[in-house]
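What follows is a short report on a single structure.
As written, the chains take the letters A, B and C, and residue 1 is the first residue of each chain.
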Amino acid sequence: MPVLDRQNDVFVLDLGGGENRVDRDWVTAVDAALEEVEEAEGPRALVTTGRGRFYSNGLDLDRLSAHEEERHEFTVRVHGLFARLLCLPVITVAAVQGHAFGAGAIFSLAHDFRVMRADRGYWCLPEAGMGMPFPRGMAALVQARLAPRIAREAMLTSRRYGGAEAEAAHIADRAVAEDAVRGTALEIAAAHAAKAGDALGTTKARMFPGVLAALRDVGTAQG
Amino acid sequence: MPVLDRQNDVFVLDLGGGENRVDRDWVTAVDAALEEVEEAEGPRALVTTGRGRFYSNGLDLDRLSAHEEERHEFTVRVHGLFARLLCLPVITVAAVQGHAFGAGAIFSLAHDFRVMRADRGYWCLPEAGMGMPFPRGMAALVQARLAPRIAREAMLTSRRYGGAEAEAAHIADRAVAEDAVRGTALEIAAAHAAKAGDALGTTKARMFPGVLAALRDVGTAQG
Amino acid sequence: MPVLDRQNDVFVLDLGGGENRVDRDWVTAVDAALEEVEEAEGPRALVTTGRGRFYSNGLDLDRLSAHEEERHEFTVRVHGLFARLLCLPVITVAAVQGHAFGAGAIFSLAHDFRVMRADRGYWCLPEAGMGMPFPRGMAALVQARLAPRIAREAMLTSRRYGGAEAEAAHIADRAVAEDAVRGTALEIAAAHAAKAGDALGTTKARMFPGVLAALRDVGTAQG
């Protein structure tokens, strides 16, 4: 389960050492961690990272299809989590040390910056290859972060981007050696910790009004 | 006139061997072809291409100005055609073997991918140079496909992009030798034929809600 | 104070030889100059430039905080000026010969093209570093001009871009030697003077409906 730690001005959220699936317990834990970061005061920033092969392998589709009655509530909560992260009032950096797939990949995009491992691990939106449509809010979030041609390629072809490819496509800001992923993310976060505060959260919310509306409308008729 | 053919999983729409002007008969024929592709089942994709010097030379302005009474109905139909193509539930590839101008260039942008001939032929939006404003839906479509600086340059300066320049600007995904244009487009299409289906169409519609609304509003007071 | 001059088909707006702060008198003078360019007829284009170390050093925050009662009216006028420039019916080129900070940097983005001095001078949005949120309309304008990753970096980290860096990030279209800034801008402007006219203004307004709405809503409850 995700665990929040603090190293000087940088909160580090360990997403787990397994597949780190975006399921109910994981969402609850990450949401609580984001709330703690939000409510802290003074200079601070956030790095999220996993341990081992996966950053996050996305939704637990088997469980979702076995529990149809939870699906709506869960979908609302996932979208709410991504909205909260997108406009968190601190600089956020995803240290993508392993695979990031589907909702895990989109979760990484909700951060301000992404650092990937260069030599192994894929960033991928497998939905098109699995015959699944993107929810509106998730589509809007992907498109708000990536250049039009990259959003199109990633969303329509389910291309798997290795670290260097993700850097070239500006999906990742940096692709570095395995042992430098976390350190690079910490450096970026620490460099901008002094910018934390309500003004930063307000600016982020004003940059992405359409994305936030789409993420928050998922529970309504418009979603 | 446009003619639809099928090669294994790939539909090939031949746009014609002349200037392939976007006029009433051409729009009717292309629209019928898109409907046939939509209604087919199973793995499939679409390649459009012309023969000879032109992919499509755009609107027939002489005819339009001679038949003012048709203009509104025609404008609605062209916008509807572009909206249908933009969210067609199969992967679409424009094999731009010759000039693509004005509405012909925008038609190519409504495809998911574009392959251009590298050594001859221009992609160009001549409207600004001719003193014509872009309709809202067409402006939105161009901007949804291109990086901000490229949309700005293409729309405001009427620059003519050769194939290599179009590739560098990411207007085209690939610029290749004349005899490889069609084959490259067929390869891309075939590689993604298995992704055809309602989910893909839904994702495309969710990626471009604003563009689709602007294209479909052309017949109303808002347009 | 800003002074408008004309060299053949190109209007040159001299923004001043000091810090060229975006204050009441400066806004009044620039607005009057834009109106004169709008109302002129025939082929024409606009170049804006400063003299000395600054293109424009942005808002005069000391004065604003000393005159709270003027702030709302002034904010409306600045946003209106940027909206007017964004859809001016002539091609506009910012010859950024010195520093462009904050509102001065955003003012440069409201032009169709930007030429920067390569070796000295920074383009920077210092708001995040000063704990100030961006107004909605200003955020929308920055995002309409820059690639998503550049808008994010510029707005959230307050990075100072030198000319060559700004060119690489496509904030500037060209970075050239000091003595070539003005001449390069004049060349670009003159090359497109023939495109001036209502159609060009209409196209610009149709390209940026959301930005214009956000800029113009600043005086209302929605802003």
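Convention: a residue touches a chain if its C-beta (ideal position, glycine included) is under 8 Å from a C-beta of that chain, and two chains touch if they have at least 3 such contacts.
Note that the structure is predicted; figures quoted are calculated from it, not measured.
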Cα superposition of chain A on its sequence copy chain C - rotation in ° rounded to nearest 5: 120
Same vs different contact residues, chain A with chain B, by half of numbers used: different
CA centroid of chain A to CA centroid of chain B, Å: 34
Two or more partner chains touched - positions in chain B: 147
Footprint of chain B on chain C - complex, ascending: 91, 112, 144-147, 170, 173, 192, 194-195, 197-200, 202-204, 206-207, 209
Contacting residues of chain B [partner chain C, same complex]: 127-129, 131-136, 139, 143, 147-149, 151-152, 155-158
